Every structure is written in structure tokens, then in C-alpha cells.
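Below is the structure I would like to discuss, written out as C-alpha cells.
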Amino acid sequence: MTEPIRVGVLGAQGKVGQAICAAVEAAADLELVAAVDKGDPLSRFVESGTQVVVDFTHPDVVMGNLQFLVENGIHAVVGTTGFDEARLDQVRGWLAGRPEVGVLIAPNFAIGAVLSMRFAEQAARFFESVEVIELHHPNKADAPSGTAYRTAGIIAEAREKAGAGPIPDATTTELEGARGAEVGGVRVHSVRLAGLVAHQEVLFGTQGETLTIRHDSIDRSSFAPGVLLGVRQIGLRPGLTVGLDPFLDL
Amino acid sequence: MTEPIRVGVLGAQGKVGQAICAAVEAAADLELVAAVDKGDPLSRFVESGTQVVVDFTHPDVVMGNLQFLVENGIHAVVGTTGFDEARLDQVRGWLAGRPEVGVLIAPNFAIGAVLSMRFAEQAARFFESVEVIELHHPNKADAPSGTAYRTAGIIAEAREKAGAGPIPDATTTELEGARGAEVGGVRVHSVRLAGLVAHQEVLFGTQGETLTIRHDSIDRSSFAPGVLLGVRQIGLRPGLTVGLDPFLDL
Amino acid sequence: MTEPIRVGVLGAQGKVGQAICAAVEAAADLELVAAVDKGDPLSRFVESGTQVVVDFTHPDVVMGNLQFLVENGIHAVVGTTGFDEARLDQVRGWLAGRPEVGVLIAPNFAIGAVLSMRFAEQAARFFESVEVIELHHPNKADAPSGTAYRTAGIIAEAREKAGAGPIPDATTTELEGARGAEVGGVRVHSVRLAGLVAHQEVLFGTQGETLTIRHDSIDRSSFAPGVLLGVRQIGLRPGLTVGLDPFLDL
Amino acid sequence: MTEPIRVGVLGAQGKVGQAICAAVEAAADLELVAAVDKGDPLSRFVESGTQVVVDFTHPDVVMGNLQFLVENGIHAVVGTTGFDEARLDQVRGWLAGRPEVGVLIAPNFAIGAVLSMRFAEQAARFFESVEVIELHHPNKADAPSGTAYRTAGIIAEAREKAGAGPIPDATTTELEGARGAEVGGVRVHSVRLAGLVAHQEVLFGTQGETLTIRHDSIDRSSFAPGVLLGVRQIGLRPGLTVGLDPFLDL
């Protein structure tokens, strides 16, 4: 039998961090060897022989964490937000000196969300029509959701690349807002409803048929399988990977 | 065994009229005795002993048809559009002189649509949140659909009557149109997609649960069961009835 | 302004009980005056002037609780299971001596579930076809769910009362189980899927149209609004009520 | 501008054939040069300079058609059923002598159906749970549908290849048939409902999230876009292709 992968968690006291710790401990092929949070020294990862660290911390500290991990030859799976091109370049710079180390930075670890976007991209050029409906709890501040915005953008790009024309729409009389927002020519609708968590539907249509790709996330724990997938594969994928997509080998 | 009801059809050559004729002929308890269209004399209904006439004609001729039918003691089931209060009052006037005659005028004979609206009205006061999504083929000119507009209005009224407050919505950043149109405080979203016909979802939500009422109409024939229901019951319901609702005895 | 209703909770330490306590405290028109659990004396309800007690305890103790409450003139809203006709008769007996007291015993307080069943009952006679799909987490032991079983039974009864014939089904070649289980002639399908909680769809169909009533419950807290509705109304409804239905005034 | 592709149709008088003819005529980049049916000589394709023939005929005549077409250097897009390995080998034999000719034989030209199956295959290994629900009109003789059977088989194979264990299911008490049929360990449920045409849902689930891929086909015309795609590409894909999949370049 293979040795379990030695895993550390950064931000281990946070809600997400706790869930990650629990998921690692529940997996037979992984071993939780260091649970670190604010105030704890990063050296604990080195002392414990950690192979992969999962970082769900804060934009203010994540860069320091990553520099330390890369320099010490520890792979990283990162769910912390706030990465722009400048930050990604800096990470690439550190990795240049340690080419055997892998870093995965992903804005969304829910496998269903990642697959939804990929399938939407693949389907885009085969259908005349497409619209996106995202549905969330009523405490959400932005509409549409970041995921819906990105999904519509990906679809618009795939349509353009395939030379698809504008989406048919004969609307001449519209009550303001009825037809939703427009992202790259794709209509996006945002529903806010008590009793929901985070849901998205991409509807494709052509003559006589429709194809719907729906993702429902009802629990914060939905990132766990994606994080574990990252942990298991990061050792085989040196360098910087942005987004969980490439790890899915679709 | 009961004698079949003697049915006539006005506008018998139109798409809808033909479907009605076929549905009447297929029903064991109904007999098609007169199929009348433009140019045919209305007297054929009298000669054939018609008991109930189904009228799917045109706003320009429907009033003349109705006057003739009521004066000759023939019940009418009417799907022709264009009735305002003035027209309804005129029909009531004719019926005052023939109190045994029944006239049913309905904007929508699809039983599923009628039930959807009724259920939405009944559910409205039990949920914090509600939104309406209507989905149609891309050749539709108006957004939202008339049915969605009416459904939202009915819900808004039921909420107001129950003293429900505003629907929770924390949106502070909105891409224009994302949150849909507003009808009496209820958000309505209009999807236009090739491969669809006419569909509507009413989504209700409260703590931890949602209730969805969805109606799908994929064929113009969906009015037929409602029309036949009207034909069978109109003899028992003298006077003017507006909307199929009362005939459903909910 | 009206005085808040003085509410007690029995089984206050349980998961459900804690959620009820929180919901009562969050409601401006209710006041939590006694949170009682195993070992605590029931007399605390009397001392605190409790008007309504919510009981989510255990079949072994609920009858003793109810006898005490009724004899002390305290209304009860009961979610504890295990009531058969004999037990209900015993409760009626106690209530005979205290006709001003109200007791509500309901197997399901999720308003969406109660409405779903009611709407299914109302719609049943208008559609040729109907099937029920229930979808739950994979740890559920019974298939179909109790709610689906009851829903199918209610639909079957409504169809029979309306003289509806058998549901059309031309299946001649079936892989065993594909067409689901049969409850009173209504097909019921049970899906078990990780990532789900408790969901049900009732699908009605007739010529060219379908009507779907879907209930999604993603959180145990979904009983709370129904329990609060019961608490607020029980004072106006003396005697025994079984099921939340009558309180909804549909 | 490119010359339009010269298209012939075999079985041009059938329902499907007529729809294909109409679709070809409506496409700017295609020209309908020969509409052939029973009794017409196949030589009309040669005389008219047909480049691609669409064959929706009958298992009894399709082999003769194909031999003629291949021998005359005409590409074929075939929706006729009844191909087994022996027949496919015979086609390969003919093509060996005309390596520049392309033949596409596909059981399903609805692009949404083909994409559904492909996405289901891709998603299979990422989710603990998966079930298939197919929904059809009540005149269908077999349950489950051929498409659902194949979809479940594809998923089962993908899971096995990925080393996925059995799907979790704690059911201990089952009303016969409730949990559906089993195809390679995947549960399949068949709904039969008036008002439906042909629909399928593949539900995937893992911790906290679900992914649903739904295909709705409401009209026989839904094969048209897939057939046209085949016609446009067959010239670039010599040899035999089985299934529309490879043409989608996913």
C-alpha cells in the first residue's frame, strides 16, 4: 500500500479550514499532520514533514505563506481570493527557483461548478440560443454572481470563436429588466430567494430541443471534494496552475 | 345513457378551430353538429340544434356572434381575445334578457396555467420570497408574457392582503437588468430560447425550503381539455363567467 | 400593541428544540418563557404563565406531556411522532374536559410540503397522467418516502372520487423496476443521491401541457415557519387538529 | 464565396425526410439537388451531381443505398436504424475500395442528446452518486428508453475505469420498483406522462452539491441541426464514423 500524503492546513480554525481538516482526516489516503492558524509559526509544516498545504486564509497573508511554502519545497492548494496577474507573476517567479513544486490557485473548488462552466463552453457553439439563470439566497450583495458572469463570458467567447451570430430575440416591448442583464450578448438572470443557497442553470436551445446544465450547491462543504482532488494531484503537476479545470483531465 | 351535448364551432377552419373540432369529435359525450367559419350563416347553429358554441374567431366579429348566440338561447365558450369591461357589460346586458344562457369568456384555457395561477395565489402569503420566471420561444414580442404579468400581480395582491412586508433582497451592486422586471414588488424574469414553447415557473422560498410551481405548454393543443371542460359545464352555469377558474371548483 | 404570546418549548435541548427556541426568540410577537427538557418539571410551564407549548420530544413521553398541558389549560403544538387513532382518541378525551384548549398534532410542519400535497390533491382530477418523484440523501432507509407515499395516496383518492380512469401507459417491455413503485395506481420513483436533502416533484400531464409541483427542503429548519404559524393560531382553534392543513385556510 | 454543398435526400417523402429537405433548403450553404423516395432510381443522385446524401429510409433498403452511394463516390449521412457489427463491417468493406468517401451512421442526431451523453461520461468519475431519470409520452413501449440505457452504461463504464466504488444507498425497506431499474449499478427511472415528448435528466451528487444535465426534445425536428452538421463535415471525414460524437470535436 502507498503511504498517505502528509497534508497541512493553513487557516485551520476558520469555517472552511475546519471542514478541510475533517475531510482530510476522513480520507484514508491522506494524513493531517499540521493544522496551522494565525499566530502559529509556518515552520510547523517543515517540522512535520508536510507535503501539501491547503491555504484558505486571507489576501493579506497568502503571499507570505506561498513564498514560505515554495521555498521549502511544499506544494500548495490555495482557495484564498484576491489573486491578480501581478500576484500570479510573483508566484511564478518563486516557482522558477523550485521547478519541482506545484501550486494550484482556484477561485472555485466545487467540482460541479467547474464542470458546469466547462460543459457550457463545449456546448456553446452548437445552439442558437443560450441564457444563464443564477439563483441565490437573498443576502447576496451582487447580481449577477461572479460565477454567472464568468460563465456567460466563457460562452460568449466560445460563440464568437465559432462564428455564431447574435442570439435570436424578437422582443419589442419590454418591461425594464425583464430580459435580464447582458454579458457579451448573453442574457443573465439573477433570482434571490429565501431557502436557496447557490444554484445556476445554463439553458441552451435550438430547433426542437434544449439542453440544461444545472449546478446546485447547498452547503459550504461542497468545496471539499475539489480540494482533496487538488491535494492528491498537485504532486504530479509542478508549476502554477490557475483554476481546478486542468486537474479534471476532461 | 345521457344524450351527447350538441356542439358547434365558430372559426372552425382556423388552427385552433380545427383542433377543437377534432377534440369534440374524439369525445364520446360530445357531438359536433356545426362547424362554421367566415361566410357561413350563424343560422346553421339554430338549424342543427346546437347547444353550445365554441368561439375562437376575431375581436372584430365575436360580439356579433355572441349577440346572436345569446338571443337564440345557445351557450358560448369563448377563447377570442379583446374583451374589455365595456364589452363584458354589453354581454351581461344581452344575458339579462336570457338568464338561462351561459357564456364563458377566458383568456387562457390551458388548465395547467389556470391552476398555476391559483396555486400561486394560495401559496403567496406563506413565503418570505417569490419570483416568477417565464420562458418562451424567441419570436415572442413582449416581455414579460401576459400570463407572467398577471401571475405576479395576483401574488402581489395576495401578499398585500396578508400584510406581508417587502421581499428580502440585499442586492447593492447590480448589472442593469440582472434582477429582472418588477411587477407590484415581485421580480419577473423573461427567458427567450429556441427550442422552447411556453413555460413558467413560480418560485416561493422561506427558511430552509422552496416550493416551485412550473407549467410547461409544448403544443397549441393544450387549450383543448380546458375548452371541453367549459363545454361540458356551461349548461350548469348560466350568466357570464370570466376566466376558467370558477369552473374548476377548487 | 398586542402582548406577545408566551411560548414554552418541550425537548428544548434537542436539535429541533434548539431551532424552535431560536425561532421563537427571533419573532417579535412571541416570547420564550420556558425551555424544558428531560428532567425538568412540567410545572415550569404553569409557573411561567406559558400559553402555548411546542412539543418535539419522544413517543414515550409525549402523552404524559399532553395530559399535563391540557389539564392546565395550555395549548400544544406537537411535532412528536407516533400518534395512532387510539392515542388521538385519548387526547380528544382530555380535551372534552377542557373545550377551550387547542392541540395541533402534525407529522410535517414544512409549509411547502403541506401545500404541495394540497395542490396535488386539487390538480389530480384535471390531468390524465400523474407521477411522483422523490429525491433524498443516500442515508435514507425507506423508499419511497412517507411523504411521497401519502402524496400518491391522496392523488389516487382524488382521481377515484372524480371517476378518472387508469393512467395511460403503453409499456410492454420493462427492465424490472424502471417504471417505479405503484401506490394506488400512481407511479412513485425514489432517487437517492449524495448532495441532496429532501425533495419531491409531482408531475401532472395532459394533452400538450404539464404541471409540476416541486418542494425542496435543504435544511431541518424548514419546519420553523410552520411551527410558528401553529403557535400563533392555536389559541383560535380549540379542540384537536391533526395536520397543519386546516391552519392554512386554503 | 464558397459553392453550396449539393445535397440529396433518400426517403424524402417520409416525415423525417420532408423535415430534412426543408432544413437543407433553408440553409444558405446547402443546395437540395435530389429528393428521392421509394420507386425513384438512385441514379438521380449521380445525374444531379449530389455530393452528400442523407438517408432516413428503412433497414431493408439502406444497405443497397449505401453500396450504390459509396461506389459512386457520394458521401452519406445515415439516420436509418438496424446497423449491427456485421452491417458496419460490410460498409467498411465498400469504403476500403473508395477511401475518399465518408459515411456517418448515427442512432441519434439530436445534438443535445449526444452532448448529454458525453458530459455524463466526463462527469461520472467526479461524483459519488448518479441516477438517470428519463421522461416520455405514455405511448412508449419500452422502459427505460434506449438513450437512458446507453447513458447509464456509459456512466457505469466511466466509473469502473476510474475505480469508483459502488454508489451509496442505505435503502433497507423498498416498495417494489421504487428505486428504479439497475443498469451496470446505475439506477434508471422511467416516467410516462401525457404532455411530454422525450426528456432525460442525469443527476450527479457529491458532498453538498449536485450537477444535473437535462435534455428536452419536444419536436421530431430536433434531429435537423445534427444532420446538417453531418452534411457539412462529412466531406472532411473519409471512412466510416459511427455516432455523431466525433463530429462535435469536443
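Miscellaneous remarks
The first chain written gets the first letter, and so on, giving A, B, C and D; residue counts start at 1 in each chain.
Convention: a contact is a pair of C-beta atoms (placed from the backbone, for glycine too) under 8 Å apart; a residue touches a chain by one contact, two chains touch by 3 or more.
Bear in mind the structure is a predicted one, so any value in this text is a computation, not a measurement.
Seen from the Cα centre of chain C, the chain whose own Cα centre is farthest off is D. Matching the C-alpha atoms of chain B with those of chain C calls for a turn of 180 degrees, to the nearest 5.
Counting the residue numbers used at the interface between chain A and chain B, over half appear in both copies, so the two copies meet with largely the same residues.
Counted by residue number, the contact pairs of A-D are over half the same as those of B-C, the matching pair from B-D, A-B or B-C. Between the interfaces C-D and A-C, more contacting C-beta pairs are found at C-D.
Centre-to-centre spacing of chain B and chain C amounts to 34 Å, using the average Cα coordinate of each chain.
Per-chain Cα centroids separate chain C from chain D by 46 Å. Here the CA centre of chain A is 39 Å from the CA centre of chain C.
Looking at chain A, one finds that residues 127, 195, 204, 206-210, 216, 218, 222 touch two or more other chains.
Chain contact summary for the complex, chain D toward chain C: residues 127-131, 133, 135, 138-144, 149, 167-183, 187-196, 203-210.
Contact residues of chain A toward chain D in the complex are 110-113, 115-116, 119, 122-123, 126-127, 204, 206-222, 224-225, 229, 248, 250. The part of chain B that touches chain D in the complex is made up of residues 195, 197, 216, 218, 222.
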